[in-house]
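Next, two complexes with chain A in common: one pairs it with chain B, the other with chain C.
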Partner chain A sequence: MLSSKSGLKGVWFILPAVVTLLVLITYPLIYGAYISFFDTNLITKWDFVGLKYYVDIFSNSEFLNRILLTLHYTFWVVVGHFIIGTGLALILNMKLKGITVFRVILILPWLFPEVVVGLLWKWLFNPMYGLFNAVLMNWGWIDDPVSWLGNEQTAFAAVIVVSIWKGFPMVMMLLLAGLQSIPEDVYEAAKIDGCTRSTAFRYVTLPALMPVMVVTLILDTVWWFKHFTMIWILTQGGPGNATNVVSIDIFKQAFDFFNFGKASAMAILVFFVCWLMGYGYRRLFGNGDD
Partner chain B sequence: METTKRKFSIFNTGMYAILIVASCLVLIPTLWMVSTALKSNEEVMITPPKWIPDNPTFESFTRIWKDYPFLDYFLNSVFIVAVSTFITIAFAALAGYGASRFKFRGKGTFLSFLLVTQMFPSIMLLIPFYKVLKTFGLIDSHWGLIVVYIAFALPMCTWMMLGFFQGIPRELDEAAMIDGCSQIRTFVQIILPLSLPGIAATAIYSFLMGWNEYMFAFILVTTETMKTLPVGIGQLNGFYKVVWNDMMAASIISSLPLIVLFLFMQKYFISSLTAGAVKQ
Partner chain C sequence: MKVHKVGSWIALLVVMTMLLAACGTNKDSAKNGEKESAAKTTTIKIMSVSQTENPDGPAEKEMAERYMKLHPEVKIEFIGVPMNDLYKKITAMATSGDLPDAFTMTPQFARTANGMGITADLTQLLGTEYLKEFYPNIIEESSVDGKLQFLPWNAAPMALVYRGDWFEQEGLKGPENWDEFLEAAKKLTKDTDGDGKADQWGFGMIGTRNGSGADRFIAIMRSYGVEELRKDESGKWVSDLATPEAKEAFQFFVDLNNKHGVVPPGVTETGFPEAASLMATGKVAMMLTGPNALGNIVSQNPELKGKLYSVPVPAKVKHTATFGLLGYSIAESSKNKEVVADYLKFMVEDENALKWNELSGRLPTKIEVGKQQQLTTPEYAGFVKALEYAFTIPAFDQYSQFQDIVAEAYQSMIAANQSVEAATKRAADRAAEVIGNSK
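Entry: the complex of A and B
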């Protein structure tokens, strides 16, 4: 029934989306790459500098350190999301009484805007009146209030904790949906073949969940690698450079120092890092068809 | 039989214990937000802090509307998010339908491009958008932000709609066409009504994106009364004096629409999200 004419009709359907994406994403991306070759204030000054910023970036270790810091941050956040998210998804998939209540509660952090989560935790970590210090002092774990976000050693860990809190529900939801799409009769069959609860998990659940896990892993890694808002609210990249992840660094380079060309060059490099991570994951765990 | 039953209930108890601990870790910060919002200015600054305020008051909730341009922030966000969600859904539904029903050259490229957009950091777009919108006089305008939010939500929304349309049998289209419906009429009159749950889910996604977005709104809008909710709340985090109870009240109010929306739609939302993200 699909004649060759219907092919053209298909194009009409996707045309609005294609045009929008070309104008609003492809063009700005190319334009961003273009900006990266100029020393510019985006208005009057446009001095062509070629690859100067790329050479700059690679000739000292500063940017590399930011990337490593960001990878370090992303690694712990994603590990946290997967341990908590997978565990909870498996439990929420069991037929326990009152499970819906828990499901709703556990999704809450994901529903709070990032700014709200940032502010809320900034308040919890407040050195003077914060709940966190009050509880720890009450339990006798610390003697004096700690400035969690104002301290190079603790700020990085604090930011990771907040990011795990905010992001685990997303992983949990995606994996839960994946679990629920495994048909019940597969388990019946496995049981007849002599599978116990743990072998069924190993030979039925895990393989069936694998595609969902890979996609979730890629998305989660990339999302948190480029995360900006909560860290900006919590620490603005400080103290020192303790939480100065790349997106914050690029933002400051552009809108605090008005170094738009250099910021654009950094953004291009971050894109390649993100793309490489996605590519790497797919090569590692890919199911071959994509 | 007896022993397996007992083992089973110990297992269940363990599971409940994990769920309760996890729920507490979620609820304690959340309840602390509520508790703070209900405190008076003096009571916020008491050490050690109290869980239940001595004189719970709704002062913060009324003050944010009176002392800050909170109503402006709220209405700005509603307007921007409503318009961008509407346009995003229209385009995403058309594209999702087109990609689910037709074969055409470049379809694979189109679909992979949608995924690639999830890969790059949005900060890459911030600088070019800033320049382009400046050129067109759209800085400090709601339309500038609407355009940005459409660009952000469209790729994922198209994937979600595609997944949804693929679940609707093609025989329906064919039957309608045999009855003499044009392609576009088939889409609007037969398929769209069936895909309302998918549209709802996609709309939530787009709504969440716009309602939460901070970085672009922070840079692209500078006039106080034009700002969106996240930026407005973010700047309550002021330099010299931080009024925590007001900030927590504002936080609660800005989170409520999302929570309410989600509670009504969660079933559709989760299944559509995975249909789009996972079943490729």
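Entry: the complex of A and C
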């Protein structure tokens, strides 16, 4: 049993973390929720409107459409990350010659700042001077340059492709770390018990990897659900509303239309959507450790 | 031995301490000197959109340097911000209480800034007598409720810039109306290298979903006699976005890309910098823009000097133009209001305004300077004339939403082949909602 003196010591140890959490997470959250009840310009005007913005948001289908579009986008991005990330993690886990070089190359997209990635791909997609059009026209696959980011269908797909390219290394590295933590003995025991490579993957690798996968899935889903930077650089939510995901809508409400109250209400709802997704995953897959 | 070594170390430490102390003394005295001169120097910080543009940025810096030479006690520091990020940056800095002494301002944002209480009343600061030196309509456009929000530095009325040399070769004249415009655009869209594909287009259309694209379309729409926002006879805000004339304007704009193919590919991705580059590289023959584009284009391709002509925005029922006013507000929180005001006065002095006009193409705002300027050349004639047709931005707090409303409509028609009926209905619904929320 801890004495009261050592208990006090414990408080001192956790105090920096508690203060940091309060200042950087709790305060902004509460302040954001507070703003959502006001028609405000954040400086001189603070008109209390109660739940008006929440009622506004739910009384038309706009916000719901944005959430659905964002879920659609997030689904494909996360699926892409897991397919590519798992595949590459399995390859990188093999004891092949020169594998370190590939590890370094494959992590590069994650290391580039999002702004750089957005601009890079915007140039690649450019209908006048972009590399993609030049190559496809050279091969005779298209006759005229395509405005990849200027067409409703292709813009959405293009944004997903770029997001998959940018984000797969994180999934790859986390899963690789998970794979490397599985002891060789378990595989040897499975082999003795008659497991083939595929059954070993099914009965050894996947269960052992599950905790890492669940955490990665939650992180990746929430991260890309809230994503803003690259979509903003590539399309600014356009053309029309083709890529107008919820983060872009919130940004526009706040900084283009100066509806800070409504933007905050939308952000609070996104917070709950993200929390629900995390909760859903944990219910679906367990906490991954049982 | 050990005692010996310890003694040596102590001696070394003493010597080093003395040396450091000596250095410290020198540094201290240097610091004191700096402090003394800093005490005499007033540093003013200016957030400027010109700093992100060429040739405007270096020219503005050069002007500030001339002022600093005349006033060695003043130090001017610039914070560059792109035009499309200006309002966001001002808002963010204002909410964190970190506004610079002065910042770029436009009539579109002046009302919001006034509501935030972040702008000093320049009518009081500069004096009504001094303001009589400016064109009265420009002062009115720069004011909110009789309070001057920003000193109008220059005007960039919107007009149609076109390749005069290409027009002459084709026997065309500057388009007066949209029919002549379309005819010219079709003639100047051509395959110049014989590979069977167009590589030169008639019109450098700006179709991005932001203020840059929307303001241009709004000018076109107003030439059709349609107002995105106006007060009716009873003084209520109304929008004409669902009228047949509005539909005609949208259809015409979108058809330039979707039907006539007289604009380069990727119109929804083409903002002002891209369109100006297309003109500089000889890819497009016309673009709707302010006179600042002339400086921008010529700085990219000096061979185009004298080849770019201008006419007012072609008319359907009338010519139209935005003022394109740009100036500096002084922050209410600034401790150096008088110093900043003096610098702003310096910027619009005759010599500086004319020099600025010559370099950037933007028009001066003072009456006397306007009389002196040589703006009768084909490059500027259209812009000067356009000032006659300039309309005032509606004094509506949420005006920026109307820019988004029209831009969403034309992008939906271009990129998703949405019908003009559906696009204008949505635009009208959104307009009604915004007007309703403002009550």
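Quick notes
Note that the second predicted complex is superposed on the first by the 282 of 290 C-alpha atoms of A that agree within 3 Å, B and C clash if a C-alpha of one lies under 4 Å from a C-alpha of the other, contacts with A are read in each partner's own complex, and residues count from 1 in each chain.
Going forward, a contact is a pair of C-beta atoms (placed from the backbone, for glycine too) under 8 Å apart; a residue touches a chain by one contact, two chains touch by 3 or more.
None of the values given here were measured: they were computed from a predicted structure.
By the document's definition of touching, of the two partners only chain C reaches A:Pro127; chain B does not. Using the contact criterion defined above for the overlaid structures, shared-chain residue A:Gly240 touches chain C, although it does not reach chain B. Measured by the number of chain A residues touched, the leading partner among chain B and chain C is B.
When the two structures are aligned on the shared chain, A:Trp139 is found in touch with neither chain B nor chain C. Once chain A of one complex is fitted onto chain A of the other, the partner contacts of A:Leu42 extend to both chain B and chain C. Contacts of A:Phe258 after superposition on the shared chain: chain C is touched, whereas chain B is not.
In the superposed pair of complexes, A:Ile105 makes contact with chain B only, with no contact to chain C.
Of the two partner chains, chain B is the only one touched by A:Trp165; chain C is not.
By the touch criterion defined above, A:Leu149 lies against chain C but remains apart from chain B after alignment on the C-alpha atoms of chain A.
Overlap of the chain B and chain C contact sets on chain A: residues 42-43, 122, 126, 128, 255.
Interface of chain B with chain A (complex): residues 12, 15-16, 18-19, 22-23, 25-27, 29-30, 32-33, 36, 44-49, 90-92, 94-95, 97-99, 101-105, 107, 110, 113-114, 116-132, 134, 147-148, 150-151, 154-155, 158, 174, 177, 183, 187, 211-212, 214-215, 219, 229-231, 233-234, 236-237, 244, 247-248, 251, 254-255, 258-259, 262-263, 266, 270-271, 273-274, 277-278, 280. The residues of chain A lying in touch with chain C in their complex are 41-45, 122, 126-128, 144-147, 149-152, 155, 236-242, 252, 255-258. Those residues of chain C whose C-beta lies close enough to touch chain A in the complex are 87-88, 91-92, 94-95, 112, 115-118, 197, 208-210, 264-269, 278, 283, 398, 400-401, 404, 408, 411-412, 414-416, 418.
Taken together, the chain A residues at the contact with chain B in this complex read 1-2, 6-14, 16-18, 20-21, 24-25, 27-29, 31-32, 35, 42-43, 84, 87-88, 91-92, 94, 96, 102, 104-109, 111-116, 118-124, 126, 128-131, 134, 137-138, 165, 173-174, 176-178, 181, 211-212, 215-216, 219, 222, 225-226, 228-229, 232-233, 246-247, 250-251, 254-255, 260, 263-264, 267-268, 270-271, 274-275, 278, 289-290.
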